[in-house]
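Presented sequentially are two complexes of chain A, the first with chain B as partner and the second with chain C.
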Partner chain A sequence: MSFQEVIFYLFSLALLLSAGAVVVSRNTIYSALFLILTFFTTSAIWLLLQAEFLAITLILVYVGAVMVLFLFVVMMLDVNLARLKEGFIQYLPVALLVLVVMAAEMIMVVGSDKFSTEAYPLPVPKPADYSNTKELGSVLYTDFVLQFEIAAVILLVAIIAAIALTMRRRPNTKYQSPAKQVMVKKEDRLRVVKMDSE
Partner chain B sequence: MLEMLISVWNWMPDALQVLIKIVAIVAPLMLAVAYTTYAERKIISYMQVRIGPNRVGPRGWLQPIADAVKLMFKEIVIPTNASRFLFLIAPVLSIGPSLAAWAVIPFNDTLLLSSLDASLLYILALTSVGVYGVIIAGWASNSKYAMMGALRSAAQIVAYEIAMGFALVGVLMAAGSLNLHDIVIGQSGGLGSWYVWPLLPLFFVYFISGVAETNRAPFDVAEGESEIVAGFHVEYSGMAFAVFFLAEYANIILIAALTSILFFAGWLSPFQGFASLSGTALEFLMQPSIAWFLIKTSFFIFVFLWLRATFPRYRYDQIMRLGWKVFIPVTIFWLLVEAIMFLMKVGPWSASVAL
Partner chain C sequence: MTLDALNISIARPEIFLLSMTCLLLVVDVFLKQSQRNASYLIAQISLIGSLVVIWMNMSGQRAEAFNGTFVVDPLADILKIFICAVVALVFVYSRDYLKDRNIFKGEFYVLGLFGVLGMMLMVSSNHMLTLYLGLELLSLSMYAMVAFNRESGTSAEAAMKYFILGAIASGMLLYGMSIVYGVTGSMNITEIAAAISTQGEMHIGLIFGLVFLIVGLSFKLGAVPFHMWVPDVYHGAPTTVTSYIASAPKIAGFAIMIRLLVEAMGSLQNEWQGMLMILAVLSLAVGNIIAIAQTNLKRMLAYSTISHVGFILLGLLAGTKAGYSSAMFYILVYSLMTLGGFGIILLLARAGFESEELKNLKGLNKRSPWFAFIMLIFMFSMAGVPPTVGFWAKLSVLSAVVEIKMLWLALIGVFFSIIGIYYYLRVIKLMYFDEPVETAQIDSSAGMQIALSFNGLIILFLGIYPGALMSLCFSVFAV
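Moving on to the complex of A and B:
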């Protein structure tokens, strides 16, 4: 086994274990942290495939932004595990059915000829001056520019929708208008009272 | 002697060479971190007409070493019902990214550990990972103060990261590259060619976001003493606390170094191409050198300390307002302006457009 293969198997093992731990662990914070570890190991495997731009973007977007907010919310929730476990036996047959269907589908897809090692030959190692970033950019902004724009519009709509959901008028909030605070003068707040000395 | 050293160097395996290079970067960095704490206390003292540390060693020069020794011999108290593993790993998660980011920092034309093609993205990814140390420390401490500090800090870092990212987009548009080395080379030509001039609003946004990102005054509500004692690291003592402290100062130095690379041409001389200097005794000033990089970085570290001595702490809602409602619109507007200047081919980057 070459050094690269050793690293690959090491990270794959860590990936599978941490992905399993996301589901199994009892504490939601630990689940979220294992999910972060899963993203990290995935990114390491992408690095082995010489996809450094995508690997760094995965960490930047998912670990650096999405999971921070996720962890943020999970930390403030008080999850009642006992209530979540209610009806476990009752739903078990349905869950097993879903499991069998999903496993069968995945075996059919991944096991077909389209995903065999013949269909995907070993990628040729790129020369040292090969720029992953430039290559990706030149494809993304020429051949796939329409898909790229559509994705951007969908994200924009999602942002506007999320803001619209929270932007309702709440008269009882103690919001202070910074503009008014800046405009305040001494005369508005302070009154000097003349008093005779006694 | 020198030849022997070079032959020994060439004989060493690659892994060992990289390891020695890493030590050669991290050891001076740690020393710089230690003396930044000393510089902070001295500079703020002089600004407040005090003397500052002056007992340990001549003029207090050995003060950081005394502090380190003191912290090393203190007990690390782990709170009851704290998550032990997470509690101890949080400081490591905090300092790890801020040291790892130095792998791609170019000190001069040839002196850099790794010339990664996406190095700006790598830096951005690592600085965003640093927030986990804070969040995990706050949660694992099993303390309300720590929790509040962690929530404040996380919200603040996430908010300012967006503005920071947009400011960096402006730089990479101007340079046409994500590689820090190429970004510096793109600014060659002396004082007038630095990106700080065409990207002045982005520079201010970047630097202020950097101050907010490192949780420094005036944005240090994450450890606001008057409300939540010391914030996320209130339960930490001894070396575990010291590691958080080191991470904060390493981050300051990192932000200062990045500012000098991205906007102030890193190791290039400000007098490059000044015809009146050539042939005179001051000709050496025109040469690019690591000294320029260190001078520029030191200046921005000084600005960090200066800000702390000057401004009172921001109110929390105002920090959020500044990040979301002022900085992000400013950066988006300036990116628009930059794009238009790009199309009209005005500005220093018109040469770099032809890729």
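Moving on to the complex of A and C:
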């Protein structure tokens, strides 16, 4: 076994275990942290495939941004996990049975013998100065300019949808207006009442 | 690569629509609530304008752009014209409803138009990436539109269900696409077709990918057993949004079925024919039988949609030119008549009253003979009673199925449509033979009444003269 294969199996094992742990762990925070581990190991496997740009993007975007937001949501929602996991043990045997049958079927249909190296030759290793990022950049704005633009529109729709669904004006909310506070005069607040002394 | 090589000019309709939608987005911010009609007008101008641009762009030839990822052919032109026209009608129907519920906002139109853009991209896609991104653009707009009425709990629930099941469906579709890409080495639909036909021995991985593609597509179209979301979403969404979801996106769904199954994987027809057969028979059975038990008109129309999807799949699985064109004829007719059915619900609804139960239709003939008649046309058409166009749609699909020597399948189709006639006729019975419960006058705007009457009369007109639309559908398929 070459060094690369050792690395591959090591990270694949870690990937599978952590992905399973996301589902079974009792604590939502643990699940989220295991998901981060899943992303890390995935990106390590992508590095082995010489897709360094995607690997780094996965860490920056998913681990750096998405998962942090995810953790925030988990903290703020206070989901009652015990109720969600009700019936987990009860359905486990059936779920395991379905899982085993489906996995066996999938391995039979798309097992590694169907994608043998004769039919699908290994890609030629790239020279050391080959830049993945540069290659992606050269097709992203030319061959795939349409797809790039649609992706931008999808992000715009996501922004519009989020604002349309959550922004609301509450007329009776209590808030401070610094401008009004600064502009206030003595006459606005103070009323001098003349009274006879007794 | 030069700019000319991209051949951007054939995407003029999409570019026009995107620019107009962004304009609407900016203009809407500066409008007061009392001036909101301007947003509505801009939205309608965008749709009518895109329609005109598509019309002027029509060449009758197949042309590719953006490095072969985008295609414009007669099929795409016709479907896009129908999508724009149907959504324009949806917008006409929705104005009063939105105003009555204080959700008359520019975002409704912005999201609706972005959805149309997604549909147009789906229709014109010649690359799995374009297809998927168009589908996501459409789905994302629809999720937000379903939740548009923030005060309503059922809307939020429907949106959540729709979002989760839609995400699963997208995952299925993507997985199928990745397998097909792995086997053929290309995402371009023309190249996939070439790779499959030059392959000596059929690769089993292709069928594996095909299964996932069909599961994903069935989720989006709402074919049984992937229909669970349809009744809940149709029921929970505001009726305007339901009329949007039920009509135009189905046309786009038909288009991606044609692109993926027929154009990319046409040589695997023997494989997908069997899968579509199961989906079609189950959809016909479940849709028509469960619709009988419904008391809510929106849910009933949801199950009716499922049964119509079954018919469309029947046409597709025939795998002949007659089959594809009859399925296309059916989907175009379906979108018009479903739109009309929801239009009647919108017409009868008023502030604080939804009019979505079957019993609200009681005695409609006494309240408004004209609209009872229009509803009668829609119901007859959905049931497939001549002289409405629904009859010709069903007839052409069935004859395409009989032509490929599958008489038993056609008989199943006939059997379940006869069961289906029951619940359509029940609506007519309620309208004509029961005493009215509601007595309120119909006070919708004149524009809506004219548009709805026009919609109904088109169904009748096409039923008497179906030839032109049928030959149009027949002419766009080269097979």
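The criterion applied here is as follows: the second predicted complex is superposed on the first by the 134 of 198 C-alpha atoms of A that agree within 3 Å, B and C clash if a C-alpha of one lies under 4 Å from a C-alpha of the other, contacts with A are read in each partner's own complex, and residues count from 1 in each chain.
Convention: contacts are C-beta pairs under 8 Å (C-beta built on N, C-alpha and C of every residue); 3 or more make two chains touch, one makes a residue touch a chain.
All values reported here derive from a predicted model rather than from experimental measurement.
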Which superposed partner A:Val23 touches (first chain B, second chain C, both, neither): neither
Touched partner set for A:Pro178, first chain B, second chain C, both or neither: first
Partner chain in contact with A:Ile89 - chain B first, chain C second, else both or neither: neither
First (chain B), second (chain C), both or neither touched by A:Phe144: second
Touched partner set for A:Val192, first chain B, second chain C, both or neither: neither
First, second, both or neither for A:Phe72, with chain B first and chain C second: first
Touching partner for A:Val124 - first (chain B), second (chain C), both, neither: neither
Residues on chain A lying within both footprints (that of chain B and that of chain C): none
Sites on chain B touched by chain A in the complex: 86, 116-118, 121-122, 124-125, 128-129, 131-132, 135-136, 139, 147, 150-151, 154-155, 157-158, 161, 178, 317-318, 321
Residue ranges of chain C touching chain A (in the complex, touch as defined): 1, 6, 11, 18, 25, 65-67, 69-70, 105, 107, 110-111, 114, 117, 121, 127, 129-130, 133-134, 136-137, 140-141, 143-144, 147-148, 150, 179, 182, 203-205, 207-208
Contact footprint of chain C on chain A as seen in their complex: 106, 109-110, 114-115, 142-147, 150-151, 153-154, 156-158, 160-161, 163-165, 168
Of chain A, residues touching chain B in the complex: 29, 33, 36, 52-53, 56-57, 59-60, 63-65, 68-69, 71-72, 75-76, 131-133, 176, 178
